[in-house]
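Heads up, the thing below is written out as structure tokens.
A, B, C and D label the chains in the order they appear, each numbered from 1.
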Amino acid sequence: MKRVQRGEVAIPTSITRRLWAFFHRLASPRYFYELAGKLVPWLGWGTVLLLAAGLYGGLWFAPADYQQGDAYRIIFIHVPAAWMSLFVYVLMAGAGFIGLVWRIKIADVVAKTCAPIGASFAFLTLCTGSLWGKPMWGTYWVWDARLTSELILLFLYLGYIALESAIEDRRTAARASSVLALVGVVNIPIIHYSVDWWHTLHQGPTVFKLGGPSISLDMLVPLLLMTLAFKLFFFTMLLVRARTEVLEREANSAWVRETVTSQ
Amino acid sequence: MSGTGPLGAAGAVLRRDLTLFFRHRSDIINPLLFFIIVVTLVPLGVGPEESTLRVMAPGVVWVAALLAAMLSLEGIFRSDFDDGSLEQLVISPQPLALLVLAKVFAHWLVSGLPLVVLGPVLGASLFLPDRAMGTLVLSLLLGTPILSLIGAIGVALTVGVQRGGVLLSLLVLPLYIPVLIFGASAVSSAAAGLPVIGPLALLGALLALALTLAPLGAAAALRISLS
Amino acid sequence: MTSFHEFIHMGGFAFYVWTSYAIFALIFAWNVFQPLFHQRRVRERLARRSRGMPR
Amino acid sequence: MGRFRPGAETDRFGIRIAASGNGVHVTLCRPGRRPCIWLHLATAGTVADKATVDDRPEIAALARRAPRLEARALECVRNDRVLFHDLDAALEPGQVLQVEGPNGCGKTSLLRILCGLSLPGAGEVYWGDAPLPEVRAEYYEALAYVGHRHGVKGELTPIENLRFHRALAGGTPDRVPGDALAHLGLEGFEDVPCRTLSEGQRRRVALARLLMTRRPLWILDEPLTALDRSGVAVVEGLIRDHARSGGMVMITTHQAIRLEGCVLGRLRLGG
């Protein structure tokens, strides 16, 4: 190990080589298929545990909100779903970019399989948002800035999925939808800003602070637990869908025939 | 001079497209008629009272302009894709983004500019106050190129798809929303006598962004759709 | 939360809270089972195809 | 309808709309300045047309890079069907390579990959020993491609099509549109909208593009379709002259082409 002067970080080359080898191997569909297969059970059980803890904490343990009573408990699925819908879109655009530039097939697979999960999160956010709006604002749908942005995000997802399925050739479809995702990800902040600007222009800023000036700890913990649970759930189902997609794309190769007929 | 450089080629594309549009007038006229018809439908639906129409005028004119612009997007690449001259553009030594910009400019001249000219006429039919006319023209002048530029990316992505029209609107409309918001609010602010520099400046910023990035995006999308 | 009754009642907002969580459960279930069914269908299709033309 | 003379000075300001034989052109005249054509919808015979090229430099010397097209281990998959796999091909100046094979064996896909229009599943295309993506601009200066869809605009006349192509392609101009069309047997059809021409005539307009700018590499996808006997003879002559003066041609066709005195390679695709 080289002597490390203060302030200079020498990452031993063995680690970078092993890291690079890992990513390189990850690009090979078969290795990805097997690795994903091993990970899915672990991630699955992790999700179940986190969900149980989060739901218990959020629905049973957390105190009622001084303003809204128990109606606020919807945030434990509304807020994580909103965060996840945005996170998945950015991840999808990133995977698409990698697939587009370095032509790594697995990146295209990940990008394609992200979309339906992200869309379901966006849809969940909208449903819970409107159900939460009824007790709070009196109507199921109010053109609130965040809800409108979420609705537009759902349209972006649907546009992505529609384009991906409209083009027959699998590789062209992946590359075309990657470009769309990149254009979309550039537009998301613009749309978000313009909708906020439009909202404040017409209705003035709605003062809504989550559970009073500062959210109390026993509300925050379940929220973080649920957010982690959503993230883990997303990766689990992403790997499950990705494995199927890999099987379909590599249908001609021998290892797929072997794994398919062995069961 | 060994042949024309990139600008010469872009000029040639612009001239050719304008010639094609003028020889095939229906592609130009239909979106304009659509624009007029949509605006005239609103009073029939909402009622002829001046008070209601006056409030809705900016939004209606802008939504109709946006839909008319989107309707005419197919004309940018569709005919070139069908007869194979799009491939000649892609394999020409000139930068594809510049040629795409020329095509979008030709399309805007033919479809966006008439919307700018027709806007005030239709605004007046919806009792839009005269002081807002200037802002309406300016906002359409800034907005319609953005619609053509962003639409070009959508058309480039769906050019290979049969019956890509509905898919195109699903891809492009969410991206049109900021333009609609800033355009319509500029006109309604003008109608209410409020300062309009804010939304117009934001429209200008969107136009600058679209002018620089959209041709590159559309060129990349074209190469992908043709492969 | 003290009693199970209060838990069900949700301070009068039972309908909204439980409908939201029902939709949450539905969407998560769809996210879990749709890929699994799809995977099984794909495996069967590929198995039939590969048995059909042994290379 | 006066013929338009560029460069004539005018003293009055105005926009002159002159409808000449083949369309309308709008000229913006400014006092003391040459009239600049603002909207040029049709072209009367302007001076620029009469460019003639006296010397004919060796075509192959035109390419900046040693003109050599090579494909290494190309693979193409079209919706889960492997069209060809591990395919090697090379094309040297003076050579003609004919790609043969049954319908649907991937001839067009191969040509599109060689043109850089579509990406191969695996393998790489080299132009002058450099991978295509790195020398794309140079390659496109050296390539002339006439695809299955020949790319002739129906609304424009042959002259306009060729003039547009020359402006687009750049490079050293070779023949003047009128001569190129005459060479392809299209005298008298110069000013007729292409949609009124037959498919064979439109194919000839597309092939006339090859004469507009001097390109070392021609890639022709079934250029002989819809051509009558005289058309086929003209095209064979074109290919022969091109190959003899150091050019390279890659062609797919089902008819046997007679190319005396040229190195004719064959590339068989598909079973």
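Operating definition for what follows: contacts are C-beta pairs under 8 Å (C-beta built on N, C-alpha and C of every residue); 3 or more make two chains touch, one makes a residue touch a chain.
Everything numeric in this text was worked out from a predicted model, so none of it was measured.
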Problem - Chain located farthest away, centre of chain D as origin (C-alpha) - result: C
Handout entry: Of A-C and A-B, whichever chain pair has more C-beta contact pairs
Key = A-C
Exercise for the section: Indicate the whole-number Å distance between the mean C-alpha point of chain B and the mean C-alpha point of chain C. Expected result: 43
Fill in the blank from the handout: dist(centroid_CA(chain A), centroid_CA(chain C)) in Å evaluates to 17
Exercise for the section: Round to the nearest whole Å and give the separation of the Cα centres of chain A and chain B. Expected result: 33
Problem - Approximate Å spacing (C-alpha centroids) for the pair chain C, chain D - result: 57
Fill in the blank from the handout: Expected list for chain C, residues touching two or more other chains, is none
Problem - Contacts with two or more other chains, residues of chain D listed in rising order - result: 119
Fill in the blank from the handout: Each of the following residues of chain A touches two or more other chains, namely 251
Fill in the blank from the handout: Chain-chain contacts, ordered by label, are A-B, A-C, A-D, B-D
Problem - Of all residues in chain B, those that touch chain D in their complex - result: 2-5, 8-9, 11-13, 15-16, 18-20, 22-24, 79, 82-94, 99, 223, 226-227
Exercise for the section: Using the touch rule from the top, collect the residues of chain D that touch chain A in their complex. Expected result: 78-80, 82, 119
Exercise for the section: Could you pull out which chain A residues touch chain D in their complex? Expected result: 103, 168-171, 251-252
Completion exercise
Within their complex, chain C touches chain A through residues 1, 7, 10-13, 16-17, 19-21, 23-24, 27-28, 30-32, 35-36, 38-39, 42-43, 46-47, 49-51, 55
Handout entry: Interfacial residue positions of chain D with respect to chain B in the complex
Key = 23-24, 39-42, 112, 115-119, 137, 140-141, 143, 145, 147-156, 160, 163-173, 213
